[in-house]
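Next come two complexes, and both contain subunit A; in the first it sits with subunit B, in the second with subunit C.
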Partner chain A sequence: MSIERREARQPWILLSPALGAVALLLFVPLLFIVVYSFWLRSATGADTTGFHLDNWIKALSDPFYRYILLNTLKIAAITTVLCALLGYPAAYFIARSKGNKMILLLLLMLPFWISYIIRTMSWINILGASGAVNTGLMALGVISEPLQMLYNEAAVILGLVHFLLPFMVLNVYVSLEGIDTNLEDAATSLGATRWQSFLQVTLPLSLPGLAAGGLLCFVLGAGTYITPLVLGGPRDAMFANLVFEAIITQLNWPLGSALSLLLLMVLGVLVAIYNRYLGMAQLAKGLG
Partner chain B sequence: MGWGLIRLYAIAVYAFMFLPVAVVVLLSFNANQFGSFPMTGLSLRWFEALWNNDAVMRAFRTSLVLGLMTAVISTTLGVLASLALVRYDVPGKNLITTALIAPILVPEVVLAVALLLFLNWLGIGKSFALLLAGHVIFTLPFVILVVQARLVSIRRDVEEAALSLGASPVQTFFSVTLPLLMPAVAAGALFAFTISFDDITGTLFWKPGGVETVPTQIFSMLRNSISPEINALGTVMILLTVGLPLLGAAIARSLSTKRGR
Partner chain C sequence: MDNTKRYERLLERYRNGDMDRRNFLGLIGAAGAAYGLQTPFARYANAQTVQQVRFDGWGGVVSEAFRKHAFDPYTAATGINVVDGTFSGGDEYLAQVRSSQEGEFNIAHLSGVFDYARYVNFGLTVELNTDNIPNMAMVMDALTDAYRRVTPDYLSAVPYNYGTTGLAYNRKYISDEEMKEKGASILIDEAYKDKIGGWSDWRTRIWYGALQTDQDPNNITDMDAVWDAIRSHRDLALKYWGSGAELMSLLAEEEIYVTEGWSGRIAALQEQGHDIGYYDPPNGFGWQECLFVIKGSPVEACEELLNFMLAPETSIAVAEGQNYPPALDGTKVDLGTKIPTLPAYDPTGTLDALTFADPAYWNGNEAEWSETFSRVQRGF
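Showing the complex of A and B:
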C-alpha cells in the first residue's frame, strides 16, 4: 500500500519543478498582466491600481493601433503564403529525392541554427545602398544611382520569409514522408497523370503539414518586432513594435499589458481554430 | 511539372537561404575600409578589431554564462519532467504536456512583457536573474520535446532488470537510465544553449541597462550602420551556433556506433 502510494507520488515529484517554473514564469505572469491592463499609468512612478477600462478603450478604438494590427496580419499572411510557395516544392524535392535526404534536410535546416539577428541584418549586405545588388548593377552600368531597396515593407516581408521558411519546409517534409508512395503509384497506374495524382492524392494528404507550417509562420511572423526595426522604415511598424514602444520607451506598462493581451487573443483565436480541426499533435511532430 | 524543374526550384530556394549568410562571411574578411562591396582584398583585421573591442567581448562572456546556466537548469527540469511523462501513467498527461509546451505557443513578446511586469512586481527588476528566468522558460519546451522523443525509445526492461537485481530507483536512474539518455540530454542542453545564445526578442525586454548579449550588441551596433566588424561578429556566431551542434551530432553519432558494436 505504501509502495503504491509512493509510486503514484513519484511522477509528480519529477514534474513539479518544470510545472512550477511554467506556472510561476508563464501562467501567473499572464494572469498578472490581465489585472495590470486595468490599472492606470501615473506620471509619479507607481501605477494606479483599480479597475479602469481606459487602456482597453485606447487599444481597441485608436485608429492607428487598428491600422497597425491589420497591417501586421496582412504582412504575416503574405509571409505565410510566400513561405508555402517556396517551401512546399523544396520539401517535396527533399522527400522524394533519391539522394541522401538527411543531408539535404540538414542543409536547409542549417540557416535555422544561424542567429535570427544575423540572418536579418545579412539582407543589408545584399539590398543596401552599397550592397551586393546595387554594386553589381552599377558595375554593369544598368543603374547610375543605388536603388533604395531597404527600409520598406517588401524588405520586412523578405526578411520574415528568410527567417520562417525552415519551419514550413520541416513541417511539410514530415507530412510528405508519412505518405505511402504506393498511393501515388496506384493513382498513376489507374490512369492519372503525375500532376493529377499529385493534386488529388499527395497534396490533400500533406495538408496537415502545410497547415502546421503555415500556423507557425503566421504566429511567429505576426509576433516579431526586430525585423521591422532592422529592415523596415519608420512607417513599417508591426503590432509587437507598439508593445515594445509602450513597455520599453514610454514605460506605459498598463497600456503595454492591454496591447500584449490583444495580440495574444488575436493569435490565440487562430491557434484555437487550428487546434479544433487539426490538433496539437501535428505541430509537436514538426517541432520535434 | 517535371522533376528537373522541381530540382531547379529547390536549388533556387537553397540559394535564397544561403547566399545572404555567405555574403556576411565573405564580407567579414574584407580588407576594404568601409566593409562593403567592392571587396579590395582579404584580411583578418575585423576579427582583430573584434578581439580588441571590450563591449563585444563583454557581451560574449554574458551570452556564454547565460547560455550555459540556461542549458543546465532547462535540461535538468526538462529531463525530470520527460521521465515522469514517459515512464509513468500520469493522469491528465495531454493537459500537462500542453502546459509544458505553452511557452512556445505564446508569442515571445507577450511572454516577455508578462514575465517582466510580474517579476518586477515581485521586486525582481531588469537583471541577470530575470534574463535567466526568461531564457529557461522558453527553452524548456524544446528540451522536453527532444528528450521525450528519445526516452520513448529506451526499453523499460533494462531498468526493470536493474531494479529486480536489487538496485534502488535512484541507483537505476544514475547507472542505467541516465547513460542511455545521455545523447538526449546532450541534444537538449545544446538546443537550450543555442536558443538562449541567439535570443533577442525577449532579451531586449529583460536585460538591465548597460548589459548586452551578443545579439543585442549586434542590434545596437546596427543602429549606426553596418560595419565590417558586425559581419565578423556574425561569422563568429555562425561558427558557434552551426559548428557546435554539428560537432555535438558527430560526437553523439560516434558514441552510439561504438556502443552498438
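Showing the complex of A and C:
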C-alpha cells in the first residue's frame, strides 16, 4: 500500500470509534423511531406493524399539533430574544473586564453544577404564594394578597431564560474575546463615539457568536418539556410534552415517534438555514 | 413449565426406567446448549433468577418498610437478594417494561385494576400458584375478585392496599359543611378560581367530570357534558399536579384551596399539622394497588417474596408508612390502632362503600379519552 493511500486512510481509522458510537447510539435508534412512526397503535395498546401513513397524516394535518408546534416556536423565540438582550451585556462585561475574568466565568458556569429540575423548581420558592417575593412584599405592606406569578406562560419563559442564559453568554463571550480591541480604539481615534464604535465595529463582529447562542437557545428551548410541566398552568404545554404524553401516558409509541420526528425536522430545517448563512464552525467555536 | 419442573420430569422418567442414561444426559446437555445459545442475554436473566429478584415501587417510606420487614428477612431465609427500584408513575413504568428484556423487571407495585388489565393486554402476565402464598388467605376477597374478573383462570398479582381519590380542601377557606353540600362540583365553582387544583391524570379528570354532571363514572352516557365540565375545571384551575409531592406542596403552601387528592397523601398532610379536610363524595374514586409479577420472572422466588410482603407485620408497617389501608381483611387480622383511622379504611372487609373503576369500560375507552383529554387540557 502506498504511503499516500495509508495516510488517506488514517483519519478514518482514527475516526472510526467515534463514527461507530454515533451510528450505534444516534442513527440506529433514530432508524427505529422512523420505523415506529409508520406503525399503528391497536385497540388493546399493542402496536400493529407495517407501513401506514396515518400518524404522519395526523401529525401534519391536525390543527392541534400545528397550534402547539407554533406555540412552542413562539416561546422558544421569545426566550431566545430575552437571552440575547440579557446575555449580551453580561458577556460584554466579562470580555472587557480585567483581572477577574476567570471568577466571572466560573460564576457563569456555577448553575450547571445544579440539576436543571432543581433550578426550575427553585422559582416556586421565589415566586410562589408563600415564596420570597410575595412574603417580602406583604411584609413591607406593598400588597395584602399574594400575587399570582407562577403557573402561566410568563413563568415558563422565565424558567427557560434561567436555564438557557449561560449558553448565550458563553457564545457571545467567545465571539467578543476574538475581536481585536485595537479596532475599537481605531474607530474612536477617527472620531466615533464609544457607542458608535460599539454599534459599527464590535456588534457586527460579534454577530456570529450572538447567532450561535441564539441557535442553541432556540433549539434547546423548543425541545424542553420539564419547564412547562413544573412552572406552567393546565393549558401550558410545548411540543415535547405532547411527545411525552403520546409515548408515556397514551402508550402510543407510533404517534409519539412521528411527533418527535416532526419536531426534529422543524428544528433541523432551522439548523440548516443557520449553517447556510453562518456556518456551523461558529457554533463549534462557541461550544468549545 | 419452569426449568426445575422440566428437569424433574426428565429425572423421573430416567429413574422409572423410561429413558436410558445416555438419552437422559444427552437431553440435559441439549437443553443446556439450547438455552445457552438462544440469546446471549438469557444467561444474565438466568443468573438473576438464581441470585436476585427486582422489585419496583413508589419509593420513600414504603420502600423503607419493605426493606426492613420483607426484603431483608426474605434474603436471610432464601439467600436471594432483592433489588429495589422506584418509579414515579405507572405509565412511565409500563413503557420501561415494554422496552426491556424479559426477566429484567420482576415485581411491581401497580395501581388500579385497569393497570392489571393493561399488563394482561400486553401479555406480561405469569400464572401464580397461590398455594405458595399462604398469606393470601388473609386478603379481602373483594380485592382479589377484581383481578379474577380480568383473568378468571389465574392471578398474576396479589392485592396489596387500597385508597381513594377524594376531595381535599383547606379548612381555613372551605368549611366541612360547604364541602359536603357542593361535593365534586366545588372543583368547578367560580368562587375559587385560581385556587383550584387537579391531577393531570385523564382518568381522574373524566371520573370527576362524570360526578360533576351527575353521571355514573362507570357508565357515562353524555360524554360531551363531561368534556365541558373538564373545560370548566381547566379554566378555573391554577395548576394540574403530577405527583403526590406536588399535591402536598400546593395545598401546604396555600397555592390552592381545593383539589382531588390521594387519601394517603392527605392523611400525611394532616399528620404534619396542616388543617386540610378530606371528603369522599358519593361515587368517589376508589382504587386498589397490587404486587404484580411480570412475565419472565422467576415465579417461585417471587411467590415466596410476595408471601413475605403480605405478612401482617409487613403489610401493617407499609400501610402505616404510606397511610393507605392494607389489603388484609380487618375482620380476620388485627390491624392495630392507626389503620382503622386512615381515610378510606373499610372495617367490614367488603369494600361495598367504595366505587372502583370498571377496567373493561375504562381500558376500552383509554385510547380515545386519553388523547381527547390531552387536547381539552390545552384549550381545544
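Basically, the second predicted complex is superposed on the first by the 266 of 288 C-alpha atoms of A that agree within 3 Å, B and C clash if a C-alpha of one lies under 4 Å from a C-alpha of the other, contacts with A are read in each partner's own complex, and residues count from 1 in each chain.
Keep in mind that, in the parts below, a contact is a pair of C-beta atoms (placed from the backbone, for glycine too) under 8 Å apart; a residue touches a chain by one contact, two chains touch by 3 or more.
Just so it is clear, the model here is predicted, and its values are computed rather than measured.
Participant: If subunit A is used to align the two complexes, do subunit B and subunit C fit next to each other or clash?
Facilitator: They clash: once the shared chain is superposed, the two partners overlap in space.
Participant: Counting only touches as set out at the top, which of subunit B and subunit C does A:21 meet: first, second, both, neither?
Facilitator: Once the two structures are laid over each other on A, A:21 reaches subunit B alone.
Participant: Between subunit B (first) and subunit C (second), which, if any, makes contact with A:260: first, second, both or neither?
Facilitator: first
Participant: Going by the contact rule set out at the top, does A:64 touch subunit B (first), subunit C (second), both, or neither?
Facilitator: second
Participant: Let me test your reading of the model: by the given contact rule, A:29 touches which partner, first (subunit B), second (subunit C), both or neither?
Facilitator: Touch status of A:29: first partner only.
Participant: Identify the partner contact of A:124: answer first if only subunit B is touched, second if only subunit C is, both if each is, neither if none is.
Facilitator: both
Participant: For A:102, using the defined touch cut-off, is the partner it touches subunit B, subunit C, both, or neither? Pick first, second, both or neither.
Facilitator: In the superposition, A:102 contacts neither subunit B nor subunit C.
Participant: Kindly classify A:190 by the partners it touches after superposition: subunit B alone (first), subunit C alone (second), both, or neither?
Facilitator: Touch partners of A:190: none, neither subunit B nor subunit C.
Participant: Which touches a greater number of subunit A residues, subunit B or subunit C?
Facilitator: Touching more of subunit A: B.
Participant: For A:250, is the partner it touches subunit B (first), subunit C (second), both, or none of the two (neither)?
Facilitator: second
Participant: Where on subunit A do subunit B and subunit C both make contact?
Facilitator: In the superposed arrangement, which is not itself an observed complex, subunit A uses residues 124, 128, 130, 229, 247-248 for both subunit B and subunit C.
Participant: In the complex formed with subunit C, which residues of subunit A make contact?
Facilitator: Listed in rising order, the residues are 41, 43-46, 64, 67-68, 124, 128-130, 148, 150-151, 229, 233-235, 237, 242, 245, 247-252.
Participant: How about subunit C: which of its residues touch subunit A in the complex?
Facilitator: Its residues touching subunit A are 89, 91-92, 94-95, 98, 118, 121-122, 194, 198, 200, 202, 234, 237-240, 242, 249, 253-255, 364, 366-367, 370-371, 374-375, 377-380.
Participant: Which residues of subunit A touch subunit B in the complex?
Facilitator: 7, 10-12, 14-15, 17-19, 21-22, 25-30, 32-33, 36, 86-87, 89-90, 92-94, 107-108, 110-111, 113-119, 121-126, 128, 130-132, 135-136, 139, 162, 165-166, 195, 219-220, 222-226, 229-230, 240, 243-244, 247-248, 253, 256-257, 260-261, 263-264, 267, 271, 280, 284, 287-288
Participant: Show me the residue ranges of subunit B that touch subunit A in the complex, using the header's touch definition.
Facilitator: Residue positions touching the partner: 1, 6-7, 9-10, 13-14, 16-21, 23-24, 27, 34, 36-38, 76-78, 80-81, 83-85, 87-88, 90, 96, 98-111, 113-119, 121, 133-134, 136-137, 140, 142, 144-146, 148-149, 169, 194, 197-198, 200-201, 204-205, 214-215, 218-219, 222, 226, 230-231, 234, 237-238, 241-242, 245.
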